[in-house]
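Note that chain A is present in both complexes that follow, paired respectively with chain B and with chain C.
Our next item is the complex of A and B:
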């Protein structure tokens, strides 16, 4: 997936030593997991399945309670499913994704856009509401399913830009490409124990 | 020139903007600081911060220290209010004055602290001063980058994550606006925003290596350490003045009373009225003189601005002081020209290129400032 190196670099700059994992056994060595992602839902799902079955992954992540951050497509994969392709999501956080709608709407939604915080979360510590973050996507979770929505944004229609449940948090934008506030989010995630 | 209706700072002042009433943004953020910040809450945050780091590392904190009123107050406060064990880090810019050295020794001995002192290579310093003067009309690059980068290197070397600076820049400029409720962290962002004049050590190496025999390590003291290393250390680099309201006049009196700290004559300043301001460098007079030639004001106007905001002086008296003291040619300029190997005409030509409009300096009308008592003790290149 396209942003692997950017995410990895951001984590490295924050003082940690990221590893890229390719099988489920390697999960034993990590304290935090990031699902990055720019790409197609189905392909990503196939990739994930090559690491191990989705069911196994869900089981490990839920039982070990390690903090998991999904970025962009990674966030969408954390949800139940998407209009894009026919793959199923991991179902870690309720909700599904569909193509953004709006009159003469330009897609993909690329660039900086405001993120309006609806609810406190440890990963957003010292990050103010209404700040801009960098987006690249066409699909999004537009059915705002309470109580999992932490922040919303608008492109043609309102959509969930941050969702969270238990030790899982997903972001539709790219913190690794969002300058100071984005790096703050990554640092907060690294320091998060998965509870809130 | 347009001036703030309250503090008198002119439009050539860095980061300044005026509102509909003609009041500048720096006055406005001071009002906010005095009226809207909950200082009790800030003090609680300071208590929390200190207790988080106390007793866990080789030192409780690093205190970068020039020996001026602000760093002396900061050190005094941290030792007496919290009983911290700091490592004092002193970057010697090359122009420390006799009274300052006496002050430092007295302060260190009275407070009982460990001190790490560093003096960079003078030959390199001179070349850096010349380059920064030519490119930016500001020869203090070596001092400002060294003062902010070197203590961070020491923090890494000793693995001490908490670094306490003194005065926030929002007391003087609007690079950080207290109204944003964004804490002024003394980090690489701030370093690159204005401290280093947009010139990193790496840039500087490229600028001077063609005519200067440069060892690649010569610029290490001026290099900000990698973010990753600081993050690994979980560093916190903050201003004490973000947690307690800063009042230079009160604080200067306090260190004079408690530590026997002494003020000094500073070139171009009213000696009786402001004995505590910028006593740490014998090139201060040249810095202020260049500021005047570029922007039409100097340290006197800045001191007037602070006092006008606090209603400690009348506008007439302030204007009189500015008129009597500002824009005088300092005796230290002769030493400066010797160090850099420049004639005064060459110096004037360099500075003219960096003048901030609408100000225009008039070199023919300049009077001389008097010598300070210690002028004859300052380093001469040709002796």
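Our next item is the complex of A and C:
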């Protein structure tokens, strides 16, 4: 997928060498994991299951505590569930996703939109609030008052644009396509030790 | 609220960027990858690169790898897409969106298939028009302005919308390269016909005031800019500084 290339290019631009992994053994060699993704929830889940079982993956990521960044669909997969698909999410961060609602709402939500930071997080260091990031999605988590919500955005309704728990962080927008501010987030992530 | 976008429009011919007037007399205006890197640093909101030199997507594929290493914003590619496979190949190699024009008329079923496969958000349908004085209406052209179509502008847009277009790119051939300003009436008309689709207007921008007129008088989502950035020291940063005075909502960095 093209998205994988864009994320890799962004990581490389920020000074680290990305590898694409296709099985769980390769996880031993990585210090940080990014789950990218644009597409359908169910397909992504099938792809993920081809790497290893979801349960094994969750077990490794939680015990090794390597920082994990989920982008767009990758973020949704980190959560418990989505209206979009049959497969359950990984449940690394609580919550679920639903189709955004609103009168005459244009979906998918595509373009540059504001991200309002609600809580500090090391991955957001030197990133100002109310800046615009690039979004492409139709589903989102609207449970905005939950403790894992780090930033919110608005399209038809308010939704969580950044969520985090322990060594896991997810973003509904695409940092790899969001120029200066997006690259800063990628840089912060690859320098993050997973603690906060 | 999604922000309005400024999109440098780059025309690719024989591995170089060119800019013409009313779809002819093209001049060399630089290297595609280097220009894209500059636009990235000038915080453009998106890039549209149209291949006008050949009837295959190869020239686009030739620059795509390098392009996606310097461009951390959405990239839309078109010109020479002749099949579903062409479109999917470009997306798989890193394009965020594809732009189709002639294919919409020659193979409408391919358009709906592309929309299904890559998603509506990744499909821009383009229409080039010339004003016909006798007819008192716009006439739709394909094949880079060479082929006159019988379908009306309204019908053309409606069909694209039904086929699964994610955005409509409307270009005035009469204004192209003239730097006389956008055809705001044309843009407004397209917005009226397809109120649910984001509209990108192209052709005629030569001054920041033209951008202001377009955004204030037509409800378009984006303005594509060729000459203004190719032939003057204007750039997206300065354009935005100007537009900020008129309460036009643009990306904040």
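Just so it is clear, the second predicted complex is superposed on the first by the 193 of 196 C-alpha atoms of A that agree within 3 Å, B and C clash if a C-alpha of one lies under 4 Å from a C-alpha of the other, contacts with A are read in each partner's own complex, and residues count from 1 in each chain.
We take it that contacts are C-beta pairs under 8 Å (C-beta built on N, C-alpha and C of every residue); 3 or more make two chains touch, one makes a residue touch a chain.
What you are looking at is a predicted structure, and each value in this text was computed from that prediction instead of being measured.
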For this session: Label the relationship between chain B and chain C on chain A in the superposed model as either fit or clash.
Result: fit
Exercise. If you stack the two complexes on chain A, which partner ends up touching A:155: first (chain B), second (chain C), both, or neither?
Worked result: second
Seminar exercise, completed: With chain A at the vertex, the Cα centres of chain B and chain C span an angle in degrees (to nearest 10) of 60
Problem set entry | Of chain B and chain C, the chain that contacts the larger number of chain A residues | C
Problem set entry | Which of chain B and chain C A:180 touches, first, second, both or neither | both
Exercise. Of the partners chain B and chain C, which touch A:111 in the superposed model: first, second, both, neither?
Worked result: second
Exercise. Should A:14 be classified as contacting the first partner (chain B), the second (chain C), both, or neither?
Worked result: first
Problem set entry | Distance of closest approach, chain C and chain B, by C-alpha atoms in Å | 6
Exercise. Once the complexes are superposed, what residues of chain A are shared between the chain B interface and the chain C interface?
Worked result: 12-13, 180
Problem set entry | chain A to chain C touching residues, read off their complex | 1-2, 5-6, 9-10, 12-13, 38-39, 104, 106, 108-114, 130-132, 134-136, 154-155, 176-183
Problem set entry | Interfacial residue positions of chain A with respect to chain B in the complex | 12-15, 180, 187
Seminar exercise, completed: Listed in rising order, chain B residues that touch chain A in their complex are 189, 227-234
Seminar exercise, completed: In their shared complex, chain A is touched by residues of chain C numbered 1-3, 5, 40, 43, 45, 68-69, 72-74, 91-96, 119-121, 166, 196, 198, 221, 251-253
